[in-house]
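Chain lettering (A, B and C) follows the sequence in which the chains are written, and residue indices restart at 1 in each chain.
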Amino acid sequence: MSEQTMAEFLDQATRFLDTAAGRAPAATSRPWGEGPDGTELLAEWSSEEEARLVTEARRFKALEYDAGFGWIDGPAVYGGRGLPRSYHDAYARLREQFAVPDLAVMRLGLSMTAPTILAHGTEQVKRAYLPRLHRGDVIACQLFSEPDAGSDLASLRASAVPDGDGWVLRGQKVWTTNAHLSDIGEVLCRTDPRAPKHRGITAFLIDMHAPGVEVRPLRQMTGGASFNEVFLTDVWVPDDHRLGEVNEGWQVAITTLMNERSTTTDIGGSLDVILDRLVMLARWSGRLADPAVRDLVSDTAMHILAARAGSQRAHEAAVTGQPGPEQSVGKLLWTQNLQRVSRVASELLGPRLVADTGEWGTYAWAKFVLAVPGIRISAGTDEIMRNILAERVLGLPREKPSTRNEERT
Amino acid sequence: MSAAPTTMTGPAPSALAARVERLLAEAPSPGVDGGIPFRAAQFEAGLAWVSFPVGHGGLGLPPGHQLVVDRLLRDAGVEPANLRNPIGYGNVAPVLAAYGTDEQRRRYLRACFTTEDIWCQLMSEPGAGSDVAGIATTARRDGTGWLLRGQKVWTSLAHVARWGLAVVRTDQEKPKHAGLTCFVVDMHAPGVEVRPLRMLNGKADFNEVFLDDVPVADDNRVGEVGGGWQVVRSNLDGERAAFGAEGDEPDPGEDLLAWWARACVDDPVLTDRVMAAVIRSRAARLTAERTQRGAAGGAVHPAIVKLLSSEAKQHTLEVALDAQGVAGTLYAPDGYALEQPVRVGIMQGDPAARYLRVQALTIEGGTSAVLRNVLADAVLGLPREPRFDTGIGWREIPRNAGEYERKVRGR
Amino acid sequence: MHEAGPAEHELLRQSVRDFATNTSPEAEVRRLMATPHGFDREVWSVMASQLGLQGMAIPERYGGAGFGWTELAIVFEEFGRALLCAPYFATVALAVPALLASDDEDRKQRHLPAIASGELVATVAWRANAADEVTARGTSGDGYELHGRRSHVIDGCIAGLLLVPALGPEGPGIFAVEGGAPGLSHETRPTLDETRKQAEIVFDGCPARPLEPAGDGAAMLARVERLAAVALACEQVGGAQHCLDDAVDYARDRMQFGRPIGSFQAVRHRCADMLLDVESARSMAARAVELAPDDPQFGTAAHMAKAYCSEAFVRVAAANIQVHGGIGITWDHSAHLYLKRAKSSQLLFGNPQQHRAALAALVRSAA
């Protein structure tokens, strides 16, 4: 496809979005008391709601892909449109103005699995999955963490043993978002137990509907089950579904994880909505005239804006280079801001946070407050983030000192 | 993990109280001659440190009984003994009582208590702060005595001290804790040079002390050769317990509250900050009192007291400064004129001065990081961190060579 | 009033702890919190008949044991540690102090013995929100009728006796309403902390009798609120202690990177900070208990304790989750139960900022 000018591209995109989705009402025009009052950080849907969401997401993604907007900066040979990244960003900003269905279920596959496949997959796998992932025909999940391998992911124990022209996988994974909805999964397995832990891991792409794959929901403290455990019992994978070289899966994992941090910190968007809601709550509480409350709310707003500015800079760096440790700052700031918002909401609501009085926009915050601890742990705990910042960004020495005979840098 | 309340045993406090009454009635007035004759009498009466042996300023009683004596004396308007000679009184004297020879106790304790002899402590070094066992100042044999060489730092009162209790290295090949020995150093001896160490508040509460082949007789050695670590340990414990103790300084939290009431603050945001700081200070003080006075809740480890107290004070004094608004930007009344106080305290000067001084509180007497490690080990029984300085000789341990300090001090 | 010494307090603590361990292990907490009434009648009876806990601080002439807040503090702390599901706080920290604060001998004779024996569960329908007004109108004879609503009544659905602060013709008062009275409707509310049940109660002309002296409700209520604050502070200390123990146990065992996570300084320091919070909270609660209920400094101490212990417990409960990592946020692990209890009790009966403001007002009026 020949490269259009940005203006022509956006024009075409607008026409598509008008037809496929229609304009969204302006965000600020949503009055207090209307619509759903949820401020959940973790999606928790009933199975009917979930099925409906997935269907709508798929429908829209298919339309979008077929119209040429599903994978704007992807290589044409794999089903992308081959345009520069700036076009992708421009489309993303434009799309925010339209009433597009909730695409959360696709997010992991598009932002983490797809780039990983593009970087490390075989030709076979690239052709088989990249178009389908971007068209929404295939949903992906990530099978990394295990009960005994959380922060220390590299110590994972799920195994892959060669078998004919493929491998047999066995093990247990945990914290898998959307496993029950997924068609494929990126999985890390140990292929050389005698090598140092980082050097004996291989990554694979598995079919989540294959025999031997069992998914069980994991209930969390908010009451919902956004995550799953996945049991792999003698699951067979063809060798062409291996991602990257044998025993070099840790590099593949790094690619995926760096992209994970950039998805959890789509900070600008989600925190802005939350801040908006918080200010509305403050107004409704009738306490905005109280200087102490104003101080609290404005302090929180200030921190959120600071984080957004930071994320903007990090994003710009990522666009030009590779996403890297700078994202860790973003994630830490994000969790700190979530904690601040929690505190303010608690302060404003008081007893209404504690029991559901049925008033719109009050008890709904309880789910938010209860989700925050999980966010400080998942996708890299706050402690690991601090270590990463200390070592990779600040260049502080690692915890083990060098011996006398080693060079000190 | 809740501790049992402390109980006191020994002769009834009322007998002790009677002794104090007799002292107050019969001794020279505490106001005369800087209080020295009164304190001499107090020493003779065994009321200086009641837990010390008879004849050395004590009565051989359990340490808790000292509170009775101190309370009665304070109520009678007598200046607390620890004010003018805090290190001598609080750190050195217990060391001499526990590890000194009879001759050393006879020679030093009385004048220490009367404050005729001021004491300092020669422990930390530029290369050995938190890692005090890593010190490098050496003592080598010279005939029947010793020669001390090295540099000490953070030495309060060295500029007025008569004697210093020093920890030095007598063996460089043994693991670091095993090669330390303690000595009493004559601060007027040849080779001792004291230089003021100026702090961020402009004052020099502390000094550096350079020891250039200072001769020390062997009868001024305290404890065994190589037995210095024990002495240091007991010293550190005493130092930590002293923090958060009810001294003669106003409590920053109570002080802030009094200011708030007088100033008729009507700003609710400031009020909330003030109340939060006041409450935090109260929590720290009550916790200190649990150990010192057996208040409700049971005794706690001294590191808990020090951490709560130092961090609460920092918080509170910052709120106190912030409350001054723009007036807090002035550093009155004498600006940063160099001063070497003989009284140590944090509540001197105006809010800005106090705020600055208190920054050091989470560093001196055991940094907050080190003390948290102490709690993790001693109270919580958490697994220890891997160590890279044990089981090898001191000389083998990787060290800085002092370039950073020299660069900062412009030498 | 009886005075017990340290040895007896140790004995009391051990008995209550054993009782809580036996009757309220985690499985029981989870079972009861999922029920609408949230407690076990059998256990409630045994609590009274074998340990006399409901009557601990009720004077002997009303069938109680005649002890005081020092003893109650121990019970609240242990119950807070175990998250024991029972209307103990409502009955013992709200209703009993309200009755004892009144001059109403008749009401005391009628209700206190039944409370001590475990037959009667009671609560105070406190005013959590400015909008929850309740007024009392005189009816023919000596009677009154209550009109209005209260949104956050602790154990409101199971209480046989509701004491309702309301504005009557003589001024503010506390009015006694029997559970099941005509004109009384209640509905259990879903709560953040399912171990403590709350009801919305609507008063539509229910018959009520004021606690004497009528019109003196403000003073009686202030006393109840301060004692409630202290009881919560004690629970918070117990809960925080549990969280600290839990975090330390986990940090000792859990291995990552080839060593126990408790050997990483970040984790050690977090645990040390939890210890500081627990011990300082203990100091504050102990001080308030020492001064309860009549010392002139008690009000100040109660506000301070509630503000401080609330925030300490929330910090410690959150830190406990953080130390546990992923498993700490799962439903099946107990950590979230403590966070929920911490957060709720922080926000009930005055949040920290309100207590700090109340402290400021007290100091100002004393100056």
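Just so it is clear, a contact is a pair of C-beta atoms (placed from the backbone, for glycine too) under 8 Å apart; a residue touches a chain by one contact, two chains touch by 3 or more.
Keep in mind that this is a model prediction, so the values were computed, not measured.
The innermost chain, defined by the distance from its C-alpha mean to the mean of all protein C-alpha atoms, is C. A count of contacting C-beta pairs for A-C and for A-B identifies A-C as the more extensively joined pair. Taking the mean Cα position of each chain as its centre, B sits at the greatest distance from subunit A.
Centre-to-centre separation of subunit B and subunit C, using mean CA positions: 43 Å. Inter-chain spacing, taken between the CA centroids of subunit A and subunit C, is 41 Å. One simple way to say how far apart two chains are is to compare their mean CA positions; for subunit A and subunit B this gives 53 Å. For subunit C, the set of residues touching two or more other chains reads 264, 267, 353. For subunit B, the set of residues touching two or more other chains reads 268, 272, 386.
Multi-chain contact residues, meaning those touching two or more other chains, occur in subunit A at positions 292. Chain contact summary for the complex, subunit C toward subunit B: residues 6, 10, 241, 244-245, 248, 251-252, 259-260, 262-265, 267-269, 271-273, 275-276, 279-284, 286-287, 289-290, 304, 307-308, 352-353, 356-357, 359-360, 363-364, 367. Residue ranges on subunit B touching subunit C, taken from their complex, read 1-2, 4-5, 257, 260-262, 268, 271-272, 274-276, 278-280, 282-284, 286-287, 290, 295-297, 300, 304, 307-308, 369, 371-373, 375-376, 379-386. Residue ranges on subunit A touching subunit C, taken from their complex, read 145, 147-152, 155, 174-175, 218-221, 223, 292, 346-347, 349-357, 363, 366, 369-370, 373-374, 376-378, 381-383, 386-387.
Remark: subunit A residues 290-292, 295, 400-402, 404 touch subunit B in the complex.
Residue ranges on subunit B touching subunit A, taken from their complex, read 267-269, 272, 386, 388, 396, 398.
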